[in-house]
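The following blocks contain the structures, represented as structure tokens.
The same subunit A turns up in both complexes below, where it pairs with subunit B and then with subunit C.
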Partner chain A sequence: MNKKIGVYVCECGPNIPERIDIDKVIEELSSMGEVKTVKRYSLLCSNDGKKFLKEDIEKEELTHVVVAACSPKEHENTFMKVCEEAGMNPYLFQMVNIREQCAWMIPDKEEATSKAIKYIKAGVHRVLFHDPLKQKELEINVDVLVIGGGISGIEASLSLAGPNRKIHLVEKTDSLGGMAGKLSQILPHQGSKIKLVKEKIEQVENNENIHVYTSSDVKEVRGFLGNFEAVVKSNQENKEGIEEEIKVGAVVLATGFEMFDLKENPVYGYGEIENVVSALEFEEMIHSEKIELKNGKKPKSVALVHCAGRKEKGYCSKVCCLYTLKFAHYLKDNLPDVDVKELYMDLCLPHKQDQSYFDQAKEKGVEFIRMDEVEKIKKSGDKIEVEYRNNDKADKVSVDMVVIAPAMVPSQDTSHLAELLNLPLDKSGFFKELHEMLDPVATPMEGVYITGCALGPRNIPESMTQSHATSGKILSSLIPGRKVKPEVKVSEIKEDLCTGCQTCLSVCFYGAISYDPFKGVSVVNEAICRGCGSCVGSCPSGAIRSKHFTYYQLYQEVMEALR
Partner chain B sequence: MKNQNVLVIGSGVAGMEASLILADAGMKVHLVEKDSLIGGQTIKFEEVYPNMECATCMLAPKQQEVLQHENITLYLLSQVKKTEGSAGEFKVQIEKKARYVSLINCIGCGACYDPCPVSLDNEFEQGMSQKKAIAVACPGALPNVPAIDADNCLRLNGKKKGCNACEQACGFGAIDFTEKDETINLEVGAIIVATGFDQFDVSGLAQFGYGKHPNVYTAMEFERLYAQNGPTEGKLTLREERPIKSAGIIHCIGRKEKGYCSGVCCMYSMKFAHFIKDKAPEAEIHEFHTDLCIPGKSHQRFYEELSKKIDFIRYEDVEVKGNNGNLEIIYTHSNGKRDSIKSDMVILSPAMIPSKGTKDLAKVLGISQDSMGFFSTQDQNLSPIDSEKEGIFIIGCAEGPKDIPDSVSQAEAAAGRILSLLQ
Partner chain C sequence: MSNNQKETKNYPNKGKSLPVEKSIKDTVFNIFKKALEENIFDALLIPAKVPDTDAYSWILLQDESLFDIADPLPPVMTVQGGRALSSFSKNGELGLKIAALLRPCEARAVIELFKLHQVDLDNMTLITIDCPGAMPLADYMNDPKKIADSFKKISEKWEISESLRPACQNCHRFSLMDGTGPDLHIGLLGENNKVTLIANSPEGNDLLEKLGFESKDSLDKWKTEKEKLVKEKTKKRESFLKEWQEKTKNPDGFFNELNKCINCHNCMNACPICYCQQCYFDSQMINFKPEIYLKKSREKGALRFPLNTMLFHIGRMSHMVLSCVACGACEDACPVSIPVGRLFSMVGDKTQKQFDYVPGLNREDPLPLQIFKEDEFCEVETPNECEEKATEEVK
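The block that comes next holds the complex of A and B.
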């Protein structure tokens, strides 16, 4: 193909001509071999400018285009689109930034002009070696695999299921509901027994678009957004070991949390001292409507001890303050004479309605005691003594029963699933979000999302909200009939150069590279690769090539700029 | 619901996220913002906790996407004035004020600012700097196109009919004094309210000396004070341009008065301490707090690191006194001891309250406010983003104080709810 390059210099109003002698630029560039035309335009990004560019590309029958203007961050996409509309391959385009990097940087006009000329020439040399890359489109499966059948997994399934979308919901235990299913009252709806979780479970079971697998594990997941394959293994009595392969377009992890093991720290006396119970055991007492000591008597005094495991784990679990307030209310409402003491470090009541539960508990006579730390919980006659320190002074309370609120920790299978799906964990061992601030339910694996306590401690409304968020992300990317467009500027590995050392596997943040044991080489999955280039630099044999940043393209560009 | 149009009110981090997800799904989004720029409160921050990321860098790509998305129509300087109908078929009336500068022709060069003879307090900068009657709120504002303040422009308010200083300076013919306010009528299937929060007014609490002593700052003032694109270009100085040798940061201002904990002030207060320590390592910093509410999974580690470098004081009560230009913080420690320290600067961390127009907007939308003034939601059904009216969702700080990740989660959730209904 005969290469015909067009170079367009945008004035950007007065911005560029004030510092760059455009006539000189045109003169210098015109003499370059493959350059068919060099033109200037006042504001190329305006509607008139784009129309001019399109018509000129067509008229001059250009094969390659270089635009010298502002930052590619501003208008690279704009001009690539114009090239495409003019019938060109949009990747045979190069943008050169002569505004931010020349006109706005260098006060001396001559110097700025000469730098701009070098840059544009470098761009021309680079674009000559561009490959006509093609945007691929892949068919998609819109079904979703949800792992974990707690309230988060339930809510995600209900929100995602539809006439054109099947959901596979896999739960490890023999029933749905998770922790929420064990609670008899749920804050902030204090007072009435919540039917909500039960109702939701029924809705799941009656929904013909949701397939529930209880007593099952996910053994394998492979693939990428729109095209995952997973193996679900049953542990049910009569189906034990039976494996089923399913195909889905996205995966939601909703594997929840577990409780910090109180036996890890002997100061709590948990498991040793009678009537020292965990929050979960107390929830069960509420459920059976029997708040009793081991001897069958009703407690006259109860201490609610917050923050067990907070120091050890290094984070505050956010919901314990709230549910211990729930316990305090329950005790005061059901055993009117009981003396309730809450021993807390900080009251963490971050939601707008939380503080009023605290104020109401105070009104009911609950005593709130600030402490720095529990020193020891021990038996003393019929009573249990909780010794604590506050402001460096030792003190204690003496009660019939102690309820301990343990930290919420990552569920058992978290690290195994992270390995299976190539996902990072955070410092606390929970799944890590793609971006803690702006992408709180996504992961580096496109098409894999996380919701609820699998991400860290949170309450039920927050967990449900996040499940709707995963549903928002999935419903806007996996639309029946639409195709997904993977990144074009990806990397590829040259089989004959790859030694199979697998260095690249460890640097790829997105898990796009796998090792092919039969051929003895590593392979990039183009549908997953984002073209970040990390692997290119890591390969000791120089076997990896980034398709739009090839060694040769960069060499040509740099050589020309340095000439 | 068949109508594929959605109205989003407020273009903070929550409103932008909801708009983008819906627009990606092919819905037509109408995004209404009362100011002349998009991004809400977060674009005022130099850095955001807990990773101390640059907020403007983090948000600029989102803002650009909103501005360029073919499925998003943006209405700036606009407010919703009327709504009727119900889920699936809301009729909405929007009042759009004239900008007098063309979003298409203006390239944001800024040549028009200097010639303008009118200077005003810049509200975006908490009044700490001045701007012209034609100006952008701050460098880096998006869209990067100024707006003319019609109340103060001499030509538009009639004080000097012939003024055309800005028009003459503009090489792009971008200024158009004939532009008129507009009324726009739309039909939408659902409405998302993302109008955010405002800061509790601390000047009512005399014990903190705000307004009386110049070196007592509010949190939002401090955010702008240390921002690279703020009034001092990021130079951390006191009002009289003296370097900061000591600072006291007081949490929970207005918590008692308002009856709730705002949930984010502890963390941003620590962010301030972290920042000052970074810029002025010698500075002595005290954090005066009550409960430390730091529930995020990485937040306690942030606190533990910081507490090696600065003093945390748990207070019962606290006040600020002026003493010949110096400040004194007098407090009762939680152990009952009364004490005081001297400090060059005091930063007050006030409660987050519903944004100014909440009451009017609630009326326009036919929904109610809770006892704290935020929009009411269906908390009792564990559904914090549903208003009491079907088809109207409340997200971000319009629902109650929260941080950026929780605001974004709610935004994505509202989009999820709408897309789920349409399946």
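The block that comes next holds the complex of A and C.
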């Protein structure tokens, strides 16, 4: 088949002709051997422009098309689609960026024109070596893997599960509920003593579309939106070590948080001194309705120490102020004579109801003491002394009981899962969202979402909202019956050159390459490969090529650009 | 494997000294014979002299009568042991327990090939031996008897003779190093008329136990002698590096050394690390249409053929030099006497240091280009930050 190339120069309004002499470009390009036609158009990406392009491709019976216009990031897909509509293979198309890389870069018109000509010629030479790649379509799997059975994971599972969609909910401990399940009561303005978590767990257990794996870990995840393969390993007694392979279309990480280990900093005396308890232990006391000292007596005075671990970790954990206020209210309501002191670095009262909740505590006689840092918590006779510093002045309070509110830190599995899924972590070790403001539950891995405290400290309503957001993202992309188009420009391995050294396995970001021990060669899973080309560069034997970035294509392009 | 290797770091503490009765060879072979008889291993990879010729080759020995032709330290290195071992163990699952007696540089090549999945070390016992060096292959082929005789004298005295291969003259890694390379080392240095068996891994220890040897003899004497020689040879190596860095300090100096190249690719075929199925420089990828050559020739005035002779060496170097064990096989194989081994060893020395990497030292050290360390080469990527960090550290 004779190659007939069409070159289309887009003016992009005034953007390109202001700096590039398009007539000269046309004149230069017309003399190239395989170029059948060179045309200019005012705005090729407009509806009229696309119509013109389609009709012209058909009229000239073109086999290859080069469009010289803006950045391929902007309109490569647009024009590939037009080529396809005109009956061409869309991969026999090449986009040349003469706007950002020529017109906007070079003030001198002659220079910009000559660079544009070189670039377009390079594109023409490259496109001659393009292969007509075929787009495949894959059925999507609409099921979802939710990792973490805390309130965020539960809510995501409940809002996603349906007759068309199975949810696999994996929890590492032996029961659902997570941290929220350990709380005695939700804050009063959020409805006091709601059995929210319990009810939710019941709903999960009664939902036939949610498969719960307790005492289990996710060992492997690979794939992309619509097609993930995961391995869940059970640590349950009598099922220990049993691995189950599941296929899903999306992954939700709801791995939550852990409490800062108070033993890490000896000033708190935690674990050493009697009646110095952590917030979670105090929650248990409330739960059992037994606020008692070790000797069985009721405390006469309690210090609630905020911000433990805040300096070490470098962030505010956001929820501690409110739950210590909750403790203060509880103490005042249930032990009317108790003296309650709250020691805080900064108060975090961001929600509309928080201020009045704080004011009410004050009215009940809770004393609020500002401090820079706890210096030492120590035993002094029957009492416990909390020594602190405020504005370089040392001071202390003497109480019967100390409740410490530790910072929220990433759960143990975070770094392991980040490695498994190639996800970035932020400075404090929590998962990092794709964009804090604009895409707060997405990740750089398409089809992997994060919700709740896995992203950092937040309260239950916020976690719920995020789980709903995550569900929204998944419901709008994983529609039953829809097909996904996997990357076409993938890598391929030439078996007779591959020595099986497996270097490519170690550099593949997506886990798309495996080793075939029978043939002694590496194999690319085209459904997972994203065509990044890392393996191509790493192969010591030159056995791997990227289908749309072959040696000859690049060579021709570079040689022509440098001519 | 990894657990074992941690333990291995503690090796060696003590060894087993054996008196030499007839000859070193005889003493060493008696150990192997016993191991074969008692099925401690099923076969032994060892160099042997091909009967009625002057040729040396590798044999996978199972019949004890063949010890007559075997030689633990032949005067020449014909085929690099790493290459020999890879040729039969690449596809894994040997089934048999195999021991390989190698020179230290050959064992280092094996470790590099292990990291590249080109050898299988399950069921494989690597045994190394203190190496006095080897003679240049071309010299030996000219007059085998004379060269074999002078090698005998050189090796008895552990002389750093000028008639040894240049790679061997400049080799400071001729003995056991502090790493997880071989399982067992045979020390020849130290007390006269004694051979010292040194376990360097749990497997090596196991082997000695099975042979009925207790590792309780002191290694002090062997260590002292070894370190003395290492020091001497390191000095020699440093002066070699200095001399050649001076010679090749500009590109012309470097390329002038390679100018004699006839593009035979023998160096590549002899190199144990060059493990590609097909070299890019042997492929069709480097051939263009005649018109392109004519055009290039017009542009430059003339074009030298065959093309890519220099590029071949540079390309090969960039691919394998981080794993270069400086065995000198390439230089031995060169028909036009290019000091290719010295050039590679010199470049290898510098590049390997950049990554704090010693090829073949530890089985568990990853290949430098397969891992990413954030602070590596920060002086190139972010020089300012790097400087700040350095000053902070000093503070």
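Following the convention adopted for this analysis, the second predicted complex is superposed on the first by the 410 of 563 C-alpha atoms of A that agree within 3 Å, B and C clash if a C-alpha of one lies under 4 Å from a C-alpha of the other, contacts with A are read in each partner's own complex, and residues count from 1 in each chain.
Here is the rule we go by: a contact is a pair of C-beta atoms (placed from the backbone, for glycine too) under 8 Å apart; a residue touches a chain by one contact, two chains touch by 3 or more.
Since this is a predicted model, take the numbers as computed values, not measurements.
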Check whether subunit B or subunit C contacts more residues of subunit A in the superposed model.
B
Just checking: does A:315 make contact with subunit B only, subunit C only, both, or neither of them? Give me first, second, both or neither.
first
Regarding the shared-chain residue A:159, is it in contact with subunit B (first), subunit C (second), both, or neither?
first
So, A:542: does it touch subunit B (first), subunit C (second), both, or neither?
second
Please indicate which partner A:533 is in contact with in the superposed arrangement: first for subunit B, second for subunit C, both, or neither.
neither
When the two structures are overlaid on chain A, which partner does A:72 contact: first (subunit B), second (subunit C), both, or neither?
neither
Please indicate which partner A:181 is in contact with in the superposed arrangement: first for subunit B, second for subunit C, both, or neither.
neither
In the superposed arrangement, which partner chain does A:424 touch: subunit B (first), subunit C (second), both, or neither?
neither
Quick check on the output: what are the common subunit A residues between the subunit B footprint and the subunit C footprint?
none
Looking at the complex, which residues from subunit A come into contact with subunit C?
496-503, 506-507, 517, 520, 538, 540-543, 551
In the complex, subunit A touches subunit B at residues 12-15, 43, 46-47, 159-160, 162-165, 186, 188-189, 196, 310, 314-318, 346-356, 359, 370, 390-391, 393, 426-428, 430, 433, 436-441, 455-457, 460-462, 464-473, 475-477, 479
Listed in rising order, subunit B residues that touch subunit A in their complex are 13, 17, 21-22, 24-26, 48, 50-51, 53, 58-59, 62, 104-105, 107, 109, 111, 171-172, 259-264, 291-301, 304, 333-335, 370, 372, 374, 379-385, 400-402, 404-406, 408-417, 419-420, 423
If we count contacts the way the header does, which residues on subunit C are in touch with subunit A in the complex?
90-92, 116-118, 275-278, 280, 283, 285, 319-320, 367, 369-371
